[in-house]
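The first chain written gets the first letter, and so on, giving A, B, C, D, E and F; residue counts start at 1 in each chain.
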Amino acid sequence: MKKVVTFGEIMLRLSTPNYQRFVQAESFDVTYGGGEANVAASLANYGLDAYFVTKVPDNPMGQAAINHLRRYGVHTDHILKGGPRLGIYFLEYGASQRPSKVVYDRANSSISQVKAGEFDWEKIFQGADLFHFTGITPALGDAAAAATLEACQAAKKMGVTVSCDYNYRKNLWSPQKANEIMSRLMEYVDIGIGNEEDAEKVFGIHATGTDVTSGQLSLEGYKSVARQLVERFGFKKTAITLRESYSAFDNGWSALLYDGKEFYHSKKYNIHIVDRVGGGDSFVGGLLYGLLSGMSNQEALEFGVAASCLKHTIHGDFNHVTVSEVKSLMEGDASGRVQR
Amino acid sequence: MKKVVTFGEIMLRLSTPNYQRFVQAESFDVTYGGGEANVAASLANYGLDAYFVTKVPDNPMGQAAINHLRRYGVHTDHILKGGPRLGIYFLEYGASQRPSKVVYDRANSSISQVKAGEFDWEKIFQGADLFHFTGITPALGDAAAAATLEACQAAKKMGVTVSCDYNYRKNLWSPQKANEIMSRLMEYVDIGIGNEEDAEKVFGIHATGTDVTSGQLSLEGYKSVARQLVERFGFKKTAITLRESYSAFDNGWSALLYDGKEFYHSKKYNIHIVDRVGGGDSFVGGLLYGLLSGMSNQEALEFGVAASCLKHTIHGDFNHVTVSEVKSLMEGDASGRVQR
Amino acid sequence: MKKVVTFGEIMLRLSTPNYQRFVQAESFDVTYGGGEANVAASLANYGLDAYFVTKVPDNPMGQAAINHLRRYGVHTDHILKGGPRLGIYFLEYGASQRPSKVVYDRANSSISQVKAGEFDWEKIFQGADLFHFTGITPALGDAAAAATLEACQAAKKMGVTVSCDYNYRKNLWSPQKANEIMSRLMEYVDIGIGNEEDAEKVFGIHATGTDVTSGQLSLEGYKSVARQLVERFGFKKTAITLRESYSAFDNGWSALLYDGKEFYHSKKYNIHIVDRVGGGDSFVGGLLYGLLSGMSNQEALEFGVAASCLKHTIHGDFNHVTVSEVKSLMEGDASGRVQR
Amino acid sequence: MKKVVTFGEIMLRLSTPNYQRFVQAESFDVTYGGGEANVAASLANYGLDAYFVTKVPDNPMGQAAINHLRRYGVHTDHILKGGPRLGIYFLEYGASQRPSKVVYDRANSSISQVKAGEFDWEKIFQGADLFHFTGITPALGDAAAAATLEACQAAKKMGVTVSCDYNYRKNLWSPQKANEIMSRLMEYVDIGIGNEEDAEKVFGIHATGTDVTSGQLSLEGYKSVARQLVERFGFKKTAITLRESYSAFDNGWSALLYDGKEFYHSKKYNIHIVDRVGGGDSFVGGLLYGLLSGMSNQEALEFGVAASCLKHTIHGDFNHVTVSEVKSLMEGDASGRVQR
Amino acid sequence: MKKVVTFGEIMLRLSTPNYQRFVQAESFDVTYGGGEANVAASLANYGLDAYFVTKVPDNPMGQAAINHLRRYGVHTDHILKGGPRLGIYFLEYGASQRPSKVVYDRANSSISQVKAGEFDWEKIFQGADLFHFTGITPALGDAAAAATLEACQAAKKMGVTVSCDYNYRKNLWSPQKANEIMSRLMEYVDIGIGNEEDAEKVFGIHATGTDVTSGQLSLEGYKSVARQLVERFGFKKTAITLRESYSAFDNGWSALLYDGKEFYHSKKYNIHIVDRVGGGDSFVGGLLYGLLSGMSNQEALEFGVAASCLKHTIHGDFNHVTVSEVKSLMEGDASGRVQR
Amino acid sequence: MKKVVTFGEIMLRLSTPNYQRFVQAESFDVTYGGGEANVAASLANYGLDAYFVTKVPDNPMGQAAINHLRRYGVHTDHILKGGPRLGIYFLEYGASQRPSKVVYDRANSSISQVKAGEFDWEKIFQGADLFHFTGITPALGDAAAAATLEACQAAKKMGVTVSCDYNYRKNLWSPQKANEIMSRLMEYVDIGIGNEEDAEKVFGIHATGTDVTSGQLSLEGYKSVARQLVERFGFKKTAITLRESYSAFDNGWSALLYDGKEFYHSKKYNIHIVDRVGGGDSFVGGLLYGLLSGMSNQEALEFGVAASCLKHTIHGDFNHVTVSEVKSLMEGDASGRVQR
């Protein structure tokens, strides 16, 4: 069984039920998630040995986050306990023309204050096939950025493939700082992944012919983005997700993969959305599973897109689908007929 | 008032709330249903004297199933108590490209182990106008199949019209066994009803030009199916529902009726679905109501399709609509405007 | 800050959760609302000094209605306590082809039995910029109609602009009585607002080329309606909302404004609806805010329509959106993209 | 099987969940109940043929009330449909020193406006063994009082035993009016039942040595009350429930029966309360079941008290217990041990 | 009407429903509270003009906290918006021998980082009768302590009575620091209030003969504490609440008041608890109301204790009781009988 | 870290919320549990390496049961997938005099049909310190009994200590069969544990002076039971839990331990119960933890009783408490004071 390690922050997610606005809420639904944890959960789901590495406070919220990971099969052996608090994000589900709204309350989380040398990367990467992180982890603070660099270096040294989702978060850092730190980390990356906005925000690479708020995307523009990324950072593969936002309820969803030679474009799904958050991470989880399990580029891409299409129909950050469910959609059964 | 008897299994239905997947569920919504009970509930709703005949265990779950039927006006006088357990089905609501999922846990239910002679059919059919069963009842086991045959014979002898929904369930029996037993029962049937798959699965009659997983249906193919059914079993009438599954949320829905002479095709509704389960049964309930209350073939068919269109917007197996609500839709008001 | 006064009834609203029909409900969701209170809540939301004037019983339900208004920033200083009861309305959410259903239980409410002279209008209108009422208030009974007239006269005398939403309620009075009483009140009105049905029901002014149950509206017909209203009542401005009801879930939504010289027609939104009730009131709230805050006619109209588009995505009678959220939609971002 | 008829009002009951106060509630739990319906539900539960007679509006709330009765086995054949509305009562559960609070909104209910001659009592009492009403029914208004008198006269004429629970409601009438009307009705009553306050409030018969707000009751005082009731009205039997209110959570509960010759005093239960409302009605239901099924006076009294002890542990107005559950408690198993 | 100002922190409170432990929770109930806000809510409830002064972030959580205060009648005119975040506390309800558990996540809240001079105390105290703060406010940080001092000085200067609840929080500061800062603030305080532990923790004044974890309290010991407090700080009045903790469900509850001359000891209530948090604050609210409204010392003390007895039966930090409800308990009706 | 293996059945538990009776339930709360899984969960909680061995169906319910175990730290590596179904038990919470009610629907569960040789006991017990099973496992059927014997033999051979909770279930087998099979298994057992009824039901050893339904227990009688058990089966230690059932809400709870030489009797707790199910298992978990971690007999017994006292305050079969929480209670803090 392939072993994968992801590293980052897991947050307490508090969402309003039943499309309530924050000011109406008398209760919050509780789950836990974060870009890198979400990818680990996808991979555990597909049967890989997935380890999530982080630091959580030594209190019931930290324990509950660990329990959530364990529940869905993610290995938590390397999670540290200590530090001030678990990061929180509040989520208000959008509807029709009203966008979903995320309010972050993640400053001073335990993982953001992790110190260099706290993680024993050599032990963590023992026998690992892949290390995955996202642009959120180094954005948490200088200490977290240093730890990410440590991890990349250790992974490289131990021959572990490295993948990264650029995942730009404007509340955490500026484009300038992101560019500087991420460019440094990209040296170690084999597989680079981003959405239709990240490349521009982080690396200043613009997709011509595209206006994300109008839902119009230009495939050609994104091919050019992929080509520039590969040229600049020497990625073996780079993937870009292409979201067409018609409304908070309805999105078009497909993705692009470039291996330095050929471009692969997936089928596009028109999705009526249940929960949009974690959609990108579920693509990453599906794509990485496809690549790690020996699928062709086209198949791995289609697996990733089908997996994340299904994620959009599932509440919570984590994707709860089996390999056979993804394959069934990938192979064309999008009819939604009752399965008895 | 017309008296109708339906015979079969009522199950405890446990569904996950709020589009949760089974592995996420911390609670299940509880209701009760089953093909034949659902038809009885529709007919009780429209004001007929509807009796549902079954056997439930002598425990609180059996009592709760009876109470659910009584609540919605179904007569439960002929329900037996005893045997091992109430059948259960678990339901996970689908969304967009993710199909709804039914997990049955119905083996060894009290009704599946009913013995010949347990029901006093002569008393049950006293004054009845119609007896309805489905292909699920004989599939529950040899004893249940024998009881169904007993019921058909008694109904025929007493001049009661017999209707049957073929309702193929692949978990309960093979196509071979279904064909053998159902063909025997069809001798007694006056009105045969099925969906776009049943005729093929049970009787091997294929609708050419149709692929249900792609949502493509050929009307001509189904006319041929109807003709063959009438020829083979001598039905007075046969109806076929035509579901076009675009996604778990969006279906096209219409039906076909053939009386051995003419074909009737209903209006088609494009439905945004709330609960798909029991949709076919609500068509049966509506059609039978139409036929029993003296509507023309076309009207009865339109009543059935409009009734089941509305059922797709209602949670639970049972259809909770009044005759006037169905007629309002049937007569063209599909605007969904608020009624004050 | 502009000061606005609205006058009418606030009711306890009891709605079935999760698209349940009334006969299925084991709980009701509780909120409070009514045409004039809803407008006050919108205006408070946008930062105006909004006062709602009514009479509620001196019991916990009356107190809870007051608390609901206060929670959302509406001033309740002039609300009287006493009388028999708080009016109630029951709401069943519709879905797809099944319409939403409102059952009123508002007879003998405290406000409907208010006596002439109970309100000190001179004090209430001190410093006010606008007085708003709807056709529901005078329809509650002769006493309420007399109080409305009192209010209009006081407002006029004190130089307060008067606006009215015709809001015809067929359960409360006949078209004849509505026409008689409303025509009298229109003398005092500066800004008249109605939906696609009101002008016909209340004043007998028909919009040619329109059939609301089929979802077909004729813009030209409504322009003629607007022109006739202005001619007959001398309004400074009149607005008409144009709802195209495709289903309980999907509506087209736009509006028309006429200032006696020019016609303004807003952008049209295709909305996937969460809660339709209060949609018209949120347009009124938005339009009045626009006019009071110095927007041009076109801008104010667009603000009203965008505000009410967002309201359709929010549970409850009140609209919970900020000025900047409305402006963002008005300026074109309808993509529903997650806002982090 | 014995046939019993009860006559009165069934109301929509809206209670706050989880010990919330009214001003906190964002939802209400929904059930249906009323003194006479509650007694019918108890008797149906124990296997008798119980009919509840009333009038409900022809709307979904009226239908839901009927459905609730049917669900629990009460016959609803003689319920009329029409009139303005279903009565409502709001319930706030008390806790410890905070009392439960009931807010009635029952004025102008359909049953309160029933007209003389609307019920066909001769048909209703065909084959009946017992007719039960309470002091609430005639208190609803003059029309309801007249209908109650009609019913009593018809019952008497047809040889049906008549029982009455005095059930004084201070919001519905004055002690004077109660005394006048109830005294007239008592002529027809065979079995009179009341709680520790009713005899004083309705008939001015005081139990010496008792202060209900301090939880102190004097048995001797109540014996004297029973004796006076029998002397004044010629009851065959009279029962008095004795509630010792230590707090909203903890009550002592026992009862007294007098048959004109001997006094019977039941065991006393100290109950930790789940839902107090309907407690008295469940005693009536238990006692009447005991008497109708041939128990001795002592046994019937113990059955009534044990039944109502269990009711205090059950949410809603109706008592949901079986004969064998009551007998088990009556025979001494109050240990609450898990039954597997 | 008396005007009261309280100053401190309002937090988002997230509690597990239904006695769940944190690790089980899939949802949190949402409310808002904090020692000083709770006192303001009590006073608003009793009809005083209560202002709560704080700083909340300019985001939906800050707005929701303001809305919660407004809903219950607290004036929010002087609340500032800005700063990093709203403090949070997580609450796990205890049961029987399992204690309730509070996990604070309040570091870096907006109010803890308030700067000197941000509040215009002169304007805030215009016309005020009382200023109340607690030992939590200065413990939030040096800036908050400085602001508290500012407020005390302004109040004193303007002739406003000052009251303080010592409220020691061991997670916020050490006894040493508390003693130092609180002693300085006590110079301005007229009415000092504490629970059975505070005087020892903050000022090192021990109540002999008491062990709070065993539930044993010595009245004499607390009289001595009161005497020492008055001597040391020159309070006009000092009150001490006396909680006897038998279990998480059952507490004894009474209080002591000393005016420098006489000792007053209240009635003791044995309470079966619904929600313990905010219990002390509700005593403060009740006592201050009593004193401000002209009750005698004994009456004011009894009002405070009865009010807080009722608070223990109510979910949330705020006390939702009326003056007449408190008086009814105070005057002896603790029977919890249903009020109709 | 000590390694423990437990073997048995894990069931889907469906309980009615909020003290509802089964016939009232419109939803069930979902959790998973069973005697042996509950012990494993306790031990995992305390930090031991706890493995639970069973067989669950290869469907989402089987997966959810595994996930539940993983969530709370139980190792699931040796759980087999396959067979017909997951056993179910329905739970109705009792209240006051109304007992909790368990309805089993566990026949034909996957584990009950396990075949000899399906488990690789040698691999499972590698490095294990303790093997625990209960009398439920062999009662599931002959195959399960054979597998239990296999396990005991393997454990013995590998030097693993064996403990057994007799746990008699009358629905699963007769006392005769239980005696026969359990006596055979006792040969392998080192530590025997039972409640106040088991020894009599399984082995015919009566505790004189005791009547469990009256809540009266005789300590001397149980000492005699313990002595006889040790004599008959050669246990190294035997423990007996002593439940005094005053009502469904209130129980006395203590335990007895006998090591063949001395008797140890624990402190007794009077518990106000939240969830009684799993109470005995939590004692076993606590006692075994105490013994495995080197506590003295008295300490281990006190740890077990304190742990299970806390379990009675927690919903679900599993005990969610930490070692330090148990120790705090064990050392005397039963005050339930809020922990901040």
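Worth pointing out:
Basically, a contact is a pair of C-beta atoms (placed from the backbone, for glycine too) under 8 Å apart; a residue touches a chain by one contact, two chains touch by 3 or more.
This structure is a prediction, so every number in the text was calculated from the model and none was measured.
Listed by label, the chains that touch chain A and also chain E are C, F.
Shared numbers divided by all numbers used gives the overlap of an interface; between chain D and chain F this overlap falls below half, so the copies present different residues. Here A-F and A-B were compared by C-beta pairs in contact; the pair with more is A-B. Computed from the mean C-alpha positions, the centre of chain D lies at a distance of 44 Å from the centre of chain E.
For the pair chain B and chain E, the distance between C-alpha centroids works out to 62 Å. Chain D has residues 17, 21, 23, 26, 67, 72, 101 in contact with two or more other chains. With chains as nodes and touching pairs as edges, the resulting graph is of another kind, matching none of line, ring, star or complete. If you check each pair of chains against the touch rule, the ones that pass are A-B, A-C, A-E, A-F, B-C, B-D, B-F, C-D, C-E, D-E, D-F, E-F.
Contact residues of chain E toward chain C in the complex are 67-68, 70-73. Those residues of chain E that touch chain D in the complex are listed here as 17, 72, 269, 271-274, 309-310, 312-316, 320-321, 325, 329, 332-340. Residue ranges of chain B in contact with chain A, taken from their complex: 18-21, 23-24, 94-102, 104, 169-171, 212-215, 245-250, 276-277. Within the complex formed with chain B, the chain F residues making contact are 14, 17, 21-23, 25-31, 59-61, 63-64, 67, 84-85, 88, 90, 92, 101, 103, 105, 107-108.
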